[in-house]
Structure formats: C-alpha cells, structure tokens
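Okay, so chain A shows up in both of these, paired with chain B first and chain C after.
Up next, the complex of A and B:
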C-alpha cells in the first residue's frame, strides 16, 4: 500500500531533479543578481537603473509592438493554412510539410537570410536596380527607415515561426470529429457560421496553446532582431544581452531577464484566464 | 410540411468501388421508410447522398418535386440524426437544440419557445442547461433528435440512431421514435442493419444488398413474401428456413415425402416437374409432431432451446438444417425423430440457382 502511494513521486523524481538543477538554480541565481549587490545587500538599485535607462522604454515599446503585430498575424495565417489543409485536398500532406519546413531553421539564420534580402547590396536592391526602379541602393536597414527595419523583423518572424502555430492548429482541427462538422452542415450552418460557432470554439484549447507558446517566444525575441536591426530596434531580451556582454553588468541584465519572465507569466495567466475551457464543455 | 423524396438512378462510388448502383426509390409524404441491409450494402451512402453530405456521381434526387441534387445540405430542408449523436460538446442542451434555428437567424424568443416545446416532446426539458458531457448516452440521443426536429424539416434522416444504446434503452427509444413520427408527421428515412428495428418502425422497408435495393415493401410483406433468398435469410429471428424440394406432378417432394402447396400454384409448377427448387418456410409455420404420422416428413432433433415464451428447435432434414419454434411445454429430446407439417399458405419457393422467388400469382 505504502509503495503504491509513493510510486508516483518516485516516478517524477528525475523531472524534479532536472528542474531544480537547470531551472530553479539559475532562476534563483538571477533573482539574486537582480536584487543583491556584489556584497550581498538587498537593493532595488538595479531595477531603478533599468527603468531610468534611456533605451528601456524604447525596448519595452518595441517588444510589445512586435509581439502584438506578429502573434495575431501568425495566428490568422496559420489558421487559414490549417483550414485549407484540413479540407484534405490532393497534395495537402505535402503542402503541410512544406509549410512546416521553416520549423527547422534557427532564428538567427532566419534573420540573416532576411538580411541578405534587405541589406544595402542585398537581393531586393539588386532586383530593383536591374528593373530600373532605383539608381543606387536603398538603405532599408537604417535609422532613417525604422519602419522598414520593423517590417523586415515582422516578416522574418512571420516566415520562421508561423509553422509551429500551423502544426498545433492542424493537429487541433484533426481532433474535431467529422460528425460535428457534418451535423452543422445538415442543421443549416453556412461555412462561416460553421467556422465561428463550431470550429473555433472546439479549436480553443489548441488556439490557447499556440497563443501562449508564440507570445512567450515573441516577447523573448532576440536573434532575429539582432541580425536584422543590430541596435536600431531595441527589445527587452536584446537589452539583457547587451548589459551582460557589452556593458558587463550582469545585475541589470538579470533585472531585464526577470522583467521578461514576469511579463511572460502574466500573459500566460491572461490567456488561461480568458480562453478558459470549462471542464463540462470538453468533448 | 412533410415531403416526398424521389431518387432517380442514383449512383455513387468511392475510388472505383460502387457503393450505390442506379438506385430508384420513392419515399411517400409522411412515410417512415427504413433502409435495411448488412454493413457495406450502401444504405448509409444513400442517406448521405440525400442529406447532401456526398455528391452523387449520376442520377437525380428530388425533395418535394424540387431537384436538390446540386444543393448543399443547408438548402435541402432536411435534418439528420447521426449514429454518434454529434451533439456539440461546447454548447448546452438548449443551445444544441436551438442551433439550427440560430443559423437561420430566427428571433431569440421564438427559438426559446421552440426549444422548450421539442424538449418537452422528448422529455429532456429538465436538462436544458446541462452540457453534453453531463448526459447519459440515451439523453444525448434525445438531444440529437430534438435538435434535428426543431427546425421542422420536411425530411428527417436517421443513421443508425439507436445502435450505440444498450438493449433495454434501444427498445424504449424505438417506441418513442414511432410515437414521435405520429406526432410530427415528418417523412423519415431511417438506416439500420437491425431487422427487428426495421420491422417494428417502418411503414415500408427497403432491403439493400451490394448497393442495390432488393425489395421495397411493408414489413409484413417483406417478412411473409421475401423477394429472394437473401431477404428471407436476413429478416426474421430465426431466419427463414430453406429446404431442397423436387417439383412433382401433384406438388412438391422433400426426401420422398409429399408436401402440399397452394392449389393455384399447380399451373405454374407443371412446367417445372423434376426440377429442384428451394422451399422457404419460417420457423413458426412448421408444425411439429412428436409421433410422426405415416407419410409425413420427418426430422431429427439436434438441439432444443427453451426461450421463455417459446421453444426453439434445431432439426436436421437430410443435409438441410431447420429452425422451428414450438410451444414451450412440448417435451422433445435430442436425437428424437419427429414429424413435420408445413403451413401451405406460408410456403415460398425460390430458384435454386438465382435465389429469386418463384411467383405463381
């Protein structure tokens, strides 16, 4: 009897040990760095320094701007493609694989690929030049054209990270019973009514997962921004990096990291709260 | 309100396999028609073609005289109950029932009234605020039926609606469906593989095999006068018995014993003297005599099974096996040799090769 009760805890022990070593230990270290001076005294000084930094508000602004631009865009694109794939047209499987291909591309690589298009002597400039639209290269990536930089980051992220949303949504759509969709048909629902009243509500758990995953990763966006914008567009994760490697201040770097974590937790809580599926509503 | 449905030469195949072959069928206004057949006979495909969930390859479908062949389901004035019930898990019972009306933008007050009315009809008015996960299989079934009839469809299609219920509940729902049909008067097309369900529910039964209709008629006619060997063997518990018989000058002979047949057959049988035919007779139309009379067909008892209200005997006649029902109190032992007499009006003859019924009238 006793072993029966202890067995589950024994089975999760490896996970707990893993989490303690690789998650909890670094996390407490980061908390320590953010709140304790080198002498070990408690201080809010690092946070004050972070908040008063000239680039802080810009970084916060761009992190949120990028997130609220990219995530909804990805969700809509992925939903449209997923619905298309779910019609099971001939070759839909192949189409899914092709769409999922960017999953295998590292974010830094994605940023560099886009950079090779938009940079001064990149593909876009050479095409425009050969077509006779421009006389000399156009500086897409520069302080003068923040809009282009922003757009190229959105484009890179959209291209690179929509696939994960797509895969989640395709899996979610496939879990919806065909009978329910046919029932909607015979009960007189038009296609968009079916989408709104049947498909989307039943897809809610998948949408929720996709939103949480994508939002957290969008908030932590870094390599793509760095590759395309350098320091032109500051983001929170980028600031954490710069403070650590360039300014050599790991306290303020930790403060940025903690702030990001708090925002991520908050967003996840909001999604869980507002997209909640009541247990009795599950199939 | 109820509609007539007409299928003309409807053909449907899936990847080279023909599911429905050149089917013609007319379902009358307000009729309860059962499509009956073994699994894979194409009965569900026919239903789905009528619903508009499948496109036909060939042929036309008319509902109330209107050609709906190329219409989507929503425009066909039909409704359907699925085998899996397919109630929406994210909606309450009331929302489920009102779904069809909501899709048609009926005013809220009217929906509420209509939902309440059908919920009362199906005795689920106390469950309106529950979610499907909180309901039993039988209750979900009622929700599915309520949801299908609330839109007052001209045709109600039902695809094996009772097959997921336990035996007792199935018996009760069967009677309820029959009552419901009397009350709402809609044309119903009902698919099942359960012949008892078909016999008890249908105004008429269409028996299907390999994508074709073998026979369409009232339950009594189908039971008493099956069109071929398949129908006789598929319908009835136990199924119809088949015995090899030889046509003689004055009737039939089975293993040298004369069998009396209706007089009006005489003319028809004349041309067949010497031919071997299959004699079909149902278990309850064979009389058993524990002491065989002289010149009477005899059989050996293999098993006797008491069934409560009756007794089921398995008998051997030559190389044919017979099922016979008798009074429960008749004392019969295995290995006993008994005499048999057949009710002559209930005898049916079939061609030995084609299995088709031989008609002499």
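Up next, the complex of A and C:
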C-alpha cells in the first residue's frame, strides 16, 4: 500500500533531478547574475542600465511587433493546411510530410537561406535583373529599407516554424470524434458552421498549446534576426546575446534573459486564462 | 654520488626519449579555419620539430576562452598550457594568469629581440606581466585601383584627409551612380573601432575627453555627410574583403586581417593606404595580441618555450607572411614580406610612419566592462548617422554613460587621452 503511494514519486524522481540540475540551477544563477554584483551585493543597476539603453525600447518594440505579426499569420496558415490535410485527400500524408520538412531546418540556416535570396547578389535580384526589371541590384537588406528587412524576417520565420503549429493542429483535428461531425451533418450544418461551432471549439486545447509554444519561441527569436537584420532590427534575445558575447557584461545579459522569461510567463498565463476549455471552466 | 648522476641521466633520457610531451594552446586569434589550419600545419610543426613538444591548437571565441580560463582557474587544474588573446580579452581575466615578469626578463636576456616598449607596458595588468606581446594589428584602407581615376586633383593618396575622402567618394558617386565607400557595420564588424580610434582622435584629438564637445558635433555632421556615399548594404557586412572583391565597394576601411583576403586573391587590383587625417591629425589604433600562461597551466615550462618560439624575430616574419599579423619585435619590422602581403605591409608601414599620427589604444582597465565602451561608440554612430537622431541629444546621453563607465571602473582614459 505504502509503496503504491510512493511509486509515482519514484517514477518522476529522475525528471525532477534533471529539472533541478539543468533548469532550476542555471535559472537561479541567472537571477543571481541579474541582481547581484560580482562582489555579491544586491543591485538594481543592471536593470536600470538595460532600461536606459538606447536600443532597449527598440528591441522591445520589434520583439512584440515580430511576435504579433508572425504568430497569428502562422496560426492561420497552419489551420488552413491542417484542415486541408484533414479532408484526407489522396496523398495528404505525403503533403503533410512535405509541409513539416522545414521543422528540420535550424533557425540560423533558415535566416541564411533567406539572406541568400534577398542579398544584393541574391536570387531575387538576379531574377529581377534577368527579367529586365532592374538595372543594378536593389539593396533589400539595408538601413534604408527597414520594411523589407522586417518582412524578410517574418517570411523566414513563417516558412521555418509554421510546421510545428501544423503538426499540433493536425494531431488535434484527428482527435475530434467523427460522430460529432456526422451529427452536425445530419442536423444540416453548413461547412463553415461546422468549422465555427464544432471543429474550432474542440480544437481549442491544441490551439492553446500551439499558441503558447509559438509565442514563446517567437519572443526568443534571435538567429533569424541576426542573420537577416544584423543590427538593423534589434530584438530582446539578440540584445541578451550581444551583451554577453560582444559587450561582455553577463549581468545585463541576464537581466534581458529574465525580462524575456517574465514576458513569456505572462503570455502563457494570458493564453491559459483566456483560452480555457469548457471542462476547465466548469472545474 | 655516481648513483645520483645515473638517475639524473636516466631521467633526462626518459624525457628526451619519450618526446611525446603535448600541450594545448588556446587562442582567440587565428580562429578562422584557414588561419587555424595554417597554424596547425605550418607554424607549430616547426616548434615540434625543434623541441619535440606537440602542440594542440584550439581556436575559441571570447566567451569560450573566458569560460574555460575561469573554470580551470577555479578548479585549480587545467588543460590549457598557453593562451593567446587580445589585450582586451585578458583584462577581465588577469586573476587567472601567471605573472610572466621573470619569463619576460629571460626573453630580453636572449638579446635577439626588442619588444616595442609601449606594448610591454600594456601587458602589465594589476601589477603583473599578464601577457607577453605576440602580434599587432591595425586598421587601414584598401582601395580598388579603379577608384584612383576619380581621386580629386592634387590629393596625395598617402596623406589623405577626411575631406579628401568625402570629395573622392562623391566624385565616384556622381560619375558611376554607385556608393562605393565601405565602412563595415554588420553585427560582428569593427565599426566601433572606426568611431573611437579613428574619427574621434582625428577630429577632436581625444577618444574620450571630448566625446560631446563642439568639435565632436562638427565631426558627426561630417560623418552624416560622408554616410551618403557609403554603400547601403554595409549593415550586413562584418568584413570588407568580400565586398571589395565583388566590386560593390572600391574604398574600404577595416582591420588589416579583414582586408587581407582581397589583396591575396587579386594583389594587382588593390592598394593599401593609410587611414585619413582630420583637423587634429591622423588617428589610428594599434591592436595588440599577447601570450599568457594560465595559473592552472599543466605545463608552464613547455608554454614558456612556445612563447620564446612565437616571439622570435624569424617566427614573427613567418606569421606576417602566413596570416598577415604584424610583428611586435623591432628586429622583425622592416623585413618586408614578398608577395601580396607586401601591398598590405606597405600600407601599414606608410600609416605607421605618417607624420601627423595620433596613436589610439583600445582602453584597458575597464575589466569586464570593456565591451560597453565599444557599445557606446557603436550606438552613438547608429543613432546619429543611421537613425538620424539629434546629435547633441545623443552625445549628451551616451556621453553620460561613457563618463559613468570610467568613473565606476576607475580605469584610466586610453591613449591619446591620458598622455595629454
């Protein structure tokens, strides 16, 4: 009897040890770095320096702008593809695999691939040149065309990371009971009514996890921005990297990391709060 | 007595015969694959042949370099016998390094090499000889010969001023419609060096003291004008060799090592010239790399022998020929290498012998915060020139950060500021 009660705890013990060593230990170290000087005195100076930095507001702005542009776009694209795949047309499995392929591409690689398209000697410029639209290369990636740089980052992320949302949504769709859909058909629901009143509500848990994962990743987005935006478009994760590796102040770097964590937790909380499924609400 | 001798002889024999002594040399310099390969296949085998000591060369970024030195120091047990890094790499790590005063005196006693005294002095950190000078680098300009057709009349290319540079770039733009001037501004570029070590000393005479002075305001107005002729793609370029080779840029400023490849690939197409002079003189930076022995070094004796080898005048010339890093011992300077590097060496020598020189050093003593110094100048450039924010406002804000940085660290202002 006693072992039965203890067994679950034994079983999760390895996970807990793993989390303690590889998640909580570094995390507490990061908190320490952000609030303590090298001599171990408490200070808010690192946060003050971060907030007063000339690039901070811009980094914050672009992090949010990119997130609120990319995440909804990905969600819509992924939902459309998932619904398409769910019609089980011939070859839909193959189509799913092809759509999921970019999952295997590292974000830096994705950024570099897009860079090779948009750079002054890139594919886009050579196509435009050969078609006679331009006489000399157009500088898409430059200080003069912030819009293009922003767009190329959105494009890279959209191409690379939509697949993860897609996979989650396809799994979610497949879990929806056929009986419910057939019942809707019997009651004479039109396709969009079926989508709106049956599929989407039942898909909510999947949408929720997809949103949480994607938003957190979008907030942490860094390699793609680094490859395409250089320093033109700063983001919070990039600033954390720059402060550690280039400006060599790990305290301020930790402050950025903590800020990102707080924002991520906040966003997750918001999703959990506002996308609650019916059973949770009843409970 | 006799027995003792036999034992000693035996010991000597074992050491010589084993010959498999192996040390690790970790460096933040010569990290790019081509350079590291050269170190492994060309440079270090000479040392191994001479001493029987095998050297494992490990290239590392600053983060890894610092992390390993600190970790091995804390553990009291290390694998890195010798470290190679920039002056600025060592300043936050002095506590992990051995005092090399005695080793340095031994090297001097050999009598075959005279280190540039200012470099030795820079290697003294926290009252110890933290490193021994190894190589020096500098930043200069490389010009495509096609640009020479547009050089304003009466301008001496070896004594260029910033006004000449502006007129030159403008001529090219008006004639070809292209912005052919290149100053690297990518995230890993050395843009900040251009601002604090070239622009500021040339226009204000100082790196720090006159950061937000009226001269500085005039300077930034000039830079904004110059920026109109800078290639708009610079934000993605970390080094200027590629755009020089592709022809997107005709006149480029960068670190010698980051311009080298252009000259090596097409030595007949390019020339190297001194950086321009401003109203106060020709501000230039000298970058110093040094060799240090960590306190946790497993084999300081072998490391000392490697230092002796690497600072030997002959080796210094080999390094110049191999990778274009310039010597720090006087006996090696003047031995101009043959081939494409002569083009670069000519530029470096012409720059070093300019009469109106103001030599700036990358500041030391800022410790872990030396990166913030770079950031202030970089941000200032981006805010004023790229984002077009009001000069006065940006200068006073960034100037406050700069003052606070030196106040909080107690670091001396870097030359030329402190010497005046």
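Annotations for the structure displayed:
Please note the rule applied: the second predicted complex is superposed on the first by the 278 of 283 C-alpha atoms of A that agree within 3 Å, B and C clash if a C-alpha of one lies under 4 Å from a C-alpha of the other, contacts with A are read in each partner's own complex, and residues count from 1 in each chain.
Here, contacts are C-beta pairs under 8 Å (C-beta built on N, C-alpha and C of every residue); 3 or more make two chains touch, one makes a residue touch a chain.
Just so it is clear, the structure is predicted and the values come from calculations on it, not from any experiment.
With both complexes brought onto chain A, simultaneous placement of chain B and chain C is permitted, the two fitting side by side without a clash.
By the touch criterion defined above, A:39 reaches neither chain B nor chain C. Within the superposed three-chain model, A:201 lies in touch with chain B and out of touch with chain C [touch as defined at top]. Shared-chain residue A:4: touches no atom of chain B or chain C. Contacts of A:187 after superposition: chain B is touched, whereas chain C is not reached. Vertex at the C-alpha centre of chain A, arms toward the centres of chain B and chain C: the angle is 160 degrees, rounded to a multiple of 10.
Judged by the touch definition given at the top, the superposed model places A:179 against chain B, while chain C stays out of reach.
Using the contact criterion defined above for the overlaid structures, shared-chain residue A:249 touches chain C, although it does not reach chain B. Minimum Cα separation between chain B and chain C in the superposed model: 51 Å.
Across the complex, chain A is touched by residues 61-63, 66, 92, 177-178, 185-188, 232-236, 246, 248, 368-372, 374-375, 379, 382-383, 386, 394, 397-398 of chain C.
Against chain C, in their complex, chain A makes its touches with residues 38, 53-55, 115, 119-121, 136, 139, 141-144, 226, 230-232, 242-250. Those residues of chain A whose C-beta lies close enough to touch chain B in the complex are 177, 179-180, 182-190, 193, 197-198, 201-202, 204, 277-283.
Contact residues of chain B toward chain A in the complex are 51-53, 72-74, 78-80, 82, 84, 86-90, 99-100, 102-104, 130-131, 133-134, 147-148, 151, 157.
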